[in-house]
Structure formats: C-alpha cells, structure tokens
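Reviewing the structure listed below.
For reference, chains read A, B, C and D in written order, and residue numbers begin at 1 within each chain.
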C-alpha cells in the first residue's frame, strides 16, 4: 500500500520563509516522494535518544489472571501456535512490543496440552517465575521448565512445548520479534502438529553436554551463534549470586556495586551473550540496597523474581512484587531499591548496540 | 503520548470461538496493555520477510530540479543544518526513509556557501554523481568532492561543507538515520556555525595517511570502528573495475558473474565494511549483461553512475539513467540489465544483518 | 658466545660438483657467517614434520620415588624456587623439555612446607594424580589441590604453594617453558619468600566468581587472555565425561568416537583454550575401547589418571598405568587402548598452531 | 637418536648440599630421563629475555660477491631447489638462522634460469634491493620483481622463479623456516621442474584484483590467512612514506616519531600482518634523525634500502650502507641514526608474539 507524502512547513531558526513559492516547492517534494531534512531534523536527530516507548509496569497477578481466562477460552494449536499474550508498550501505537526491539509475553499451557512444533529466525527464551511440569522440546531435546530457570530457543530451531502435569503453567517469553519485524529478516516454518517426544527427563541432553563449568565437549569446538546450553538452572544462578555477595562481605571484588550481585547468562563457546540480539542477566539486591542511577542506549525489560522493592524509571516510580514486569526505554535512567532481598531477571537488546558499536552507558549522580 | 491498545478478534484456524466471553477477555487485554500473539502472528511472523517498504525509482533530473529550486528558497544554516531532501519510500507512511533502515537524500550547496559544523552518531557518506567544487571538512580535514568519489563521515565526527566554487553542487547523502531513530541510539552536537578551514587541497590528510594499497601507518595499528579513508577516489574504483573485467576476458576469476565486476569499499584496518551499519559498493556491467536474479535479507539502494539499462525489483521494472536512485526492500528479487556499459553505486544495511547473524541471500533461477 | 659456522659439501641431486673452487666458496660462506640452503634443505624442509623429540613413557612410580628422595635432600626456597623435576625428552639433547615446546615435571612439597612466591610470563598448570593438602596461592587466592583437579597459573600471576597437611604431596606441573625460552619472551619476578595467606578454603575466590556453568559476573565482561577459573574440579570433569558416555549409550552425539568421551578445559570468557599456548583435556575410554589412530601437528603429553591400557606412539607401544606420562611428538601417530575403563589427562601446544594457522590433523586408516 | 641426560650439581642459594646421596639422586634422575628445575632455573627463567642470538651486520657487497660466485659454481634445480644463501646468526651454533625464528638469505638467479616449482608450509617473502628481470610465479601468477618491491609467497602456494633477462638478479628472501622447524609444522611438496608460465606482465593478476586502496572484490569477501596482494610496489610505499613526512612538516600526525615515517605491509582482508608469522615494514628517516632507543620481545631483521647511517644494537654499533642486513635479537635495544635520508626495510616475528599475547615493547630513556 502506497503512502501519501505530506511535507509540512515549520517555523524556527534555519527554516525558509513561508511563501507561495515555498509551498509550491513542498508540493513538488510530495509529488516526487521527497521530504526535506530541515523540517524533520528536530525529531530525527535529537541531542540524545528520545524513545517513543514509555516506562511501564505490568502486574504479574493481572497477567496471570488474563492468561488463566485465556486458558479457558483460547485453544493452543496450529494457526494461533501459542497461547501467548504480549505486553504492549503504551508509547508504541498499540503494537504488541514491550519496547521497540523486544517482545515479552506471558505464555500459558493447560494440563496435558501440547503447543505445536514450529521454527522461526527470531530468537526466543523462556523465564520461569513459578510452577513446573512443562517441557519445551528444542530440536527434539526435551527441556524441563522449573521456577528460576532460564531456557533458550535460539533462532531456527524447531520447538514445541508439552505439559505432562495436572496443573497449568505460565511463564515469561522473551523474543526479538519487533526487531526482526522492523529489519525484515523473518522466516518461519511449521513442524509437526504435536510434540513427538513426551518424555520428561530432569536434564536436557544439551545440559548434559554443555552445562559443566569451563568444560566443553572435544567433539564440538567451533563457536556457535547462540549458546548451546538449553537451560540455565536456578540452582547455579542462585549459587553464583550468593557467592558474589559472600565474596563482597569478605572484602573481595565481584559484585556490580555494594549490595548488588549480578550474573550474565553467556554462550560458553564465545563467552558472549546467549543469542545475537538478546542479553539476559539475573540480579540480586541485598536488603535495603539502592542501585546507582544508570542509563544506557537500548531498551531493557526487568521481571521481579523474588522479593519486593521499587523501581524508578525516568520520572515514574513503582513498587514492585514477584512477577511484575518493567519496561525501560533507551537512555531513560533507572534506579532500583530493594526492601528485603530482591532478585530480578533482566533482558535487553544490548548485543545489537555492542555489535554495531552504538552502545553508550552512564551513571548519573 | 500513550497509545490505546486495540485487540481485534480474527477468524481462521487456531482462533478462539467468538463469544461475549472472548470479547470480555480482549477488553481485559486492552485495559492491561496486552495483545495476544494468536491474532497477530500472521503479520509478525510470516514465512519470509514481507517488508512494508516498496520498490521505487526516483529520477535524478527531478531530484536535481527540486534541489535547485530549494537552493533559491531555502537557506543553509544553523537549525535546518543541511539543504538535504530525503527520498521517502512510498510504503513507509510518509517517513523520510528510503528503506526502513536507510536514508538517502540529495544535498545541494550554492556557490560560496557553508553548511555548518555538527556531529551525530549516525554514520554518513556522500556519493558524487556529477560536479565538483565542494570540500567536506571532517574533524578538520578538508576532503575534496568530485564525480565518482565515495566520501565517508563516520559517526560522531564533526563535519561541515564549503563550496569555494562559482557553481552549485549536488550529491547523494546516505545515512543510517532510520535505523538509529528506530533503535534509539541518536546523539547530536553542534560545532561552529561556519567551517573554519576553507582550504581546498586535492587530497585529504586522511587519504595521504591511509589510501595506499595494503599499507598502513605504523603509528596507527589498532582496528577502528569505521574506515579512516575519508575519500575513495573514482580513479581507483574505475581502475579496479576495469581490471576485473580485463581479468575475466583473459580467463581469470575476479568478477561476480560474467560481465559483472564489483568492488566493495572497505575499512583497511579490518577488511570489513566502511561503517558498522552501511555497506557500499560500485558495480560495473559490461554492455548487454543481465545479472542473475538475486534477493537478500536487508534493504539496498542503487544509484546509476553512468550508462543506461533497466532494473527489475520484484514485479516492477524501470528503465534507468544516470543518477536515478532505486530502492530495493528486503528479500525482494533484483535483476539489472545493461544497455551499453552500466556503472552503479550501491549501498545497503547488510552489516547489521551479518553482525547479528541474520543475513541470508539466494540466487533465483 | 659466537659460534663457528661450518658448511659441509653434500652429494645428491641438485648439488654442485665438488671442486677446489666450491670448497673455497664454502670457506667464504663460513667467513661471512653464511650457510647455503642447498646443503640443508633436506633437514630444514622435509616433506612432513620430522621432530627431534621421541615418543617416550615415564613411569609415575619412578618419578614419585625420586621426588620423595628429593624431598629428603633438596630444600624448597628462594633460588631453586620449586622442588620440581622435569621430564627430559630423550631426543632433545638433554634439555629438560618433555617436547620441544612443553615442560612437564613432578613437583613435591613436604608437610608444612611453603614454595616461595614468584611470577613469570610462562603459563603454568597443575594436574593432581593423587593426594591433597596443598593450596596453590595465585595472586593471593588460595586454591585447594585435590585428586583429579586441573589448576591454572596463567602467566605473570604471583604464586606460591603451601602444604598445611601432615603428608607430602606430589603433582604434575605443565608449562610452556621450552617455547618461551626458544622465542625469547621470558620475564620473571620474585615475590615474598613465604606465602602470606595460609588459609585453606575448599573453593577459591576465582571459582566462586567464575565456575558456574554458562554464567559470568556482570562486573567482568571483557575477554581475558587466560581463563579466570583457577581450578577445574574433578567432580565436574567426571560428571561431564560420564554424561557423554551415557548420551552415547542412549544414541545421542557428544563423544569423540565410540567409547571415547573427552572434555576440553576452556576459558569461559572466550570459549577457547585455557591459556594462549596450552590446550588441556580429559579423556575417558570405556573398557575395551581402541581409539582411532590419529596424528596432528604439534606435540602432546598424556598422563594416565585412572585405569590401565596401552599406548602406541609411532612404532613404540607401552602398557600404561596410573600416573604414567607419555610424550607424543609432532605428527607421530597415536593409538590408545583401554583394558578396563581408562581416564587420561592430556595437554598439548595446539593453540600455538591454531593461532598461527599451522594446525593440521589426520586420522590414519 | 637418543640423547644422554646429564644433571650437574650447582652451587648457590636454594641449592641442596652436595653429598654422595645427592649425587646418587642426580644419577637416578639421569637414568629416568629427568632434570631438576632447581639447577636450571637461572638459564630457563631469567628476569628478562636472554637470547642466544647475537646482534650482527652482514655486508651486502660481501653477500653479493659470494652469491655471484655461487652463480658460477652451483646449479639451480631439483634437489637443491634454490640458489639461496642464508645468514647464520653467530649465536645460534652454526644453524642457518638469522634469528631463532627467522630466515634471511640472498637468492641469486642467472640470466635465463628457472628455479623449480615447489610449495611448503613456511611463509616466504622477497624484498628487492636492486635489479629486475625476474618473475616469481605464485600459484600460476607471474609477479614482476623490481627494486623496492616487497613480494609475498604465503605458505602452501606453489612457486618458482624465472629470469627472462640477460642479467643476473639477487634479492633478499625472508621466511619463518627456523620457527617452523622448531615447532615441527613443516610440509613440503614438489611441483613441475620448470615454471610453466614464462610471461612477463608488469602487474600480477593478484595486484589487479587486490592492490587498490580500500577496495576489495565483491566476489571474495572472506578473510584470508595471508595477504592476497602478491606485490607491494615501491611507488606506493615511497609515496606513503613521503606523505607521512610531508604531513608531519605541516604539523599533522602520522609519523612514528619526529623525522621517522613508517608503513606496515598488511593483509587487506584483515588489516593485520601480511602472514601469520611475519611482520614487514618500510621505514624512512629524514636526514639527521636519531630514533628513540626501543626494544621489544621477538627478533627482527633490518635491511638498508637506501642511504647511509648507523645502527646501535645492544652494545654494538655499525655504520650501514645500501643492502646491509642487521639482526636484532629479542629484547635488545635498537637505535638507528640517519646520515642523509635513510630508508630501511624491516621484518620481524612479532605476529607470533601478539597472537600468543606474549608481546612487550618499551622505549628506553
């Protein structure tokens, strides 16, 4: 569908005098599908990022309630593919995008349900706030999902989910759907309608091969685009965070700042981020900790894993509880305060910026 | 500004039955700023890229005529910053973007004019179809602009232009403004209102230091984000293209395909693309050559430098002449046919895709 | 000390006729410190590597007995620095080098002894065949040494050892001393005469920060030259090897070849080898397994960790038992056969070859 | 051939008391092919590099005279392969190695002679002090050799030379033969006995494809291990050096230090060194310039291309003239003084050190 071009004269320094001749020129621009820089430069080239996306908090209890109701009304199967409900940033015109680049959704699977198999170039992960009983089957490898686990479905891997339990399960999905959509790199392919392996192993084959600290199989020694670790288990994440705080208490380095431990989920074949477009981390704030106020180019999403506290994003401030999801747009300052201990999962589009040398960050006083 | 969310029930396989309960659920989504995947998946996750941008050709003579008229009516100075008129892809809702990621504009400078100094994180280049007499001054280094030259202004370098001659000059600007705008990484800073060095050297200092084949200064041996070569001169580009066709005529490899020579402008400190987000190339088709039909993920812009021929982009076909500019959206097949010899400049957003491992290309039968 | 040059006439195809004039020419070469290629090319440029080093096996019981006796006669302290006894390859002219590039030694520490603190550019590791009670203190971080552990001392870190126990302890040291010596890159610096931290933590601080699968501290996100993991614990290595064999038994990939599991110790910040010059791995052969016969450019050292079997290196074959050390020179074919289960530690200089694009390997029929 | 091990008791701090028991221990070491660290540490682990190689200067006139005489007495053909005469460092026991890692030789070809075709994994280059008339044919591509040219024969390319002229020609060969020999990575293969293409093009095909500043063929966009530029022509090198000195005279950066211009020959596909083990550079000192005194880990060889001056290497100082070759061992300080203008070619093993993170350099006061 072809869009009409509209060139609007504006006033201000450096602008041409409004005359009939100028108006005629602007109509000529429109006819030839042209738009002058001088009327648009303020919006296009601001002094610093002015994201359309807005800071916002979604409440887990509300998400969960609507997801449960969807479980009653909405089937999971071919066509709709997933019972996933996306967080739509209020600044983005109604698009189902939590930030301009990132997708966040609550996904819900009823007891004994399967989500059908497909694959797509978008990179995906799951993060589990609560519950268990679902296995996500990635390229034929069943991966158990349990509270605190961070699970990967890198681009172009066939995957489906199955719930073998008697209880429903909900979790957070994160993807780069908006970014892929924007740059026009999306491919999608259907697999079988049902998951073909309903087994329920405690550990995936990917973990058995790859989730050993500092060890890799000699049979597989090339770097891979995304991490081969299908599941980062909570027990490891929790231990690493506890170790950092304990080291700090003993006077040793390791934490990000006083009272603030953090680990990044990484690709063991490169040491870099788990997937080319998504960074994922877990943060732990000791009781009473207030983080430095920090902003960075690129957008992020935080989900409270445990504890309570408050987040300040730009001019807005919210108390947060388990499961609440916070959108942090590009270059908007963020401060987090823990009441008691506060654990937070975070994902962000930073790898896009780092790989394109467009990253910037600063601590504000 | 906060956007209202609107969830529309759709029909089709995998969709829930439309009932009042479903309607109530969807209203609940809207209240909580949520959008289900199952109603949106067709648009968001198509089988292959379905870009909003459309193939289009802008005629150089029309661009030039409007630019000249702008030269009479529109000042160049602080505020508007540049007398640049952007090509607005008819599929992109009136935005001044030639493709979703790329900016292309004709810029015009009257005799004895200066364009004021500023810098921005967006990466920019100039390509000169015709004329001379302007120097672009990049971080204090005056760079002559002449027909066939490809000139760089990588991100965050102060730059202005000055026309010391008695004739106006027009050229093509290429930038990653749309991509920077989308990802929210834009910084901008004013420099002096006038260029402070009006000298007119034949070669820039950057060329004297860097534009020697296979040689680099021992004083500067780290890789740089963007190429340090300020100007890629036509005499070198022309010679390299002629050499490729001559090698092919002698039976040796080098050309892209029979009758089709091509060189990529590269960063001599890495061998990679000149800037993190932009690839630039010059192509030469021998008389009568028809290229293979090829498509790739990511968008490109071609400008005819010399000769005549025709381009077929998807279902559209256009004859093209010197200076005409063609937009090629992501994954749309492109074929070019040369009448006599045909030289074309090309720029594309491919580095974004390659660095994020999202590149794909194919030759169609 | 200046060496005299001696040019010897040789016979064979392409050689000049021996005449008094030729003799005079060769004497002229000697006076001017010259040697012709044509008399040396056979030795210098053979069709394939002809290493001076020889295959050899050292028996752990013999090493241990001599180390114990050294414990009675030889002090550990400033000057001698370490009670380490190096394996001297019988082909290398009496130099204390297990291969041309690698150093292997048995090191021995008596109860309550300290080895003094120093640092050097040579990269070092320890591998523990048996025993415990020693802590190696690397840049102030005490690292427990226990059977099966692989411990790192990358170049230029201050380190000493202390034995807090009532029993002596012996282990295998591996370094790149011969390579460093050859290329002339050696720096060495003394630290305190005694270790200043005699604490005996179960886990080092480095492990607490880094030895979590796929996780890294957000406070430290740059790649490091060598691995920050101070100790790769046997429990993890053992589990990874067991997992590989179990996966194979279930029909899944992961092992190097049937019955042969292997893990490589890696730098979690890069996914590459633990140190720039040294590769280290642990191999497990199921009972009765015979490996393929393989050779590769570069030299390796194997130590039996557990079990019995036999190794064939070139034309030589030896039965091997716990602790025995095998030198495998460049390009010499190696086959290993397990009696019962057989666990082997391996280290090699392969990173040197890979980083210089000089690596080659082949499986022989 | 098996070497006997000899363990010699030494005196000094940290050494054991000399007793019959110690003597018996040392004899036990010898029987088991062991050598203690404590008697060897002084030699093996000095405070800073103590290379066996010595500073030395070879006089071009002497080299040339002996090469001419070899032209009369020594054939060039299968078996001897090349009429190349290597510089043998006086500290290296008579081996034909200019430094522990590098080979330098004068090669000489009579009128109408061919040097037969072969290939080897060793990396090679030619540098031409004077003369012309020889073409080196690399993988079938004839490359003219002329004064000032730097020509590459990366590892494993078939190559021969032919002299189509009526005058003999001599040049400098540089290779990594000693390093390859030491690490045991040498492969060698014969090609045809005579060069099969005796054509004499002014530019090689490799240059036509690759020697354009900042341009690469779109048909070949992967990084290559070694540079694809077969010849770096003097006209480009000379212009780049002249530009640096002119920039400095105008007050702009670019030179290494006042009066000292230098360019590095690089691989245009990476921006790095031309070959994995060899760095090559051209230096120009303005009349009267004295360089800073500098030392670096790794060894280098300099050849005077034009002019006169003096070199100080460690404690030795020599006046030097056109063609003279200077060996600079690892970590030995070097100062160069130009009488009139002085142009010098330099090659070094630095890439080995940089790729293994073992590089160090310092300016001495």
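One rule holds in what follows: a contact is a pair of C-beta atoms (placed from the backbone, for glycine too) under 8 Å apart; a residue touches a chain by one contact, two chains touch by 3 or more.
Note that the structure is predicted; figures quoted are calculated from it, not measured.
The chains in contact with chain A as well as with chain B do not exist; no chain meets both. Among the remaining chains, D is positioned farthest from chain A, on the basis of C-alpha centroids. Mean C-alpha positions place chain A and chain C at a centre distance of 43 Å.
Our note on geometry: chain B versus chain C, Cα centroid distance of 52 Å, whole angstroms. Among all residues of chain A, none touch two or more other chains. In terms of inter-chain touching, the protein chains here make up one closed cycle, each touching precisely two others. By the definition of touch given earlier, these chain pairs are in contact: A-B, A-C, B-D, C-D.
The part of chain A that touches chain C in the complex is made up of residues 205, 208-221, 223, 227, 229, 232, 236-237, 239-240, 243-244, 246-247, 252-256, 262-271, 274, 281, 283. Across the complex, chain D is touched by residues 1-6, 12-17, 19, 21-22, 25, 28-29, 32-41, 44-51, 53-54, 56, 58-59, 62-63, 66, 69-70, 73-75, 77-96, 100-101, 105, 120-122, 155, 177, 180-189, 225, 276-277, 297-299, 329-331, 349, 351-353, 355-358, 360 of chain C.
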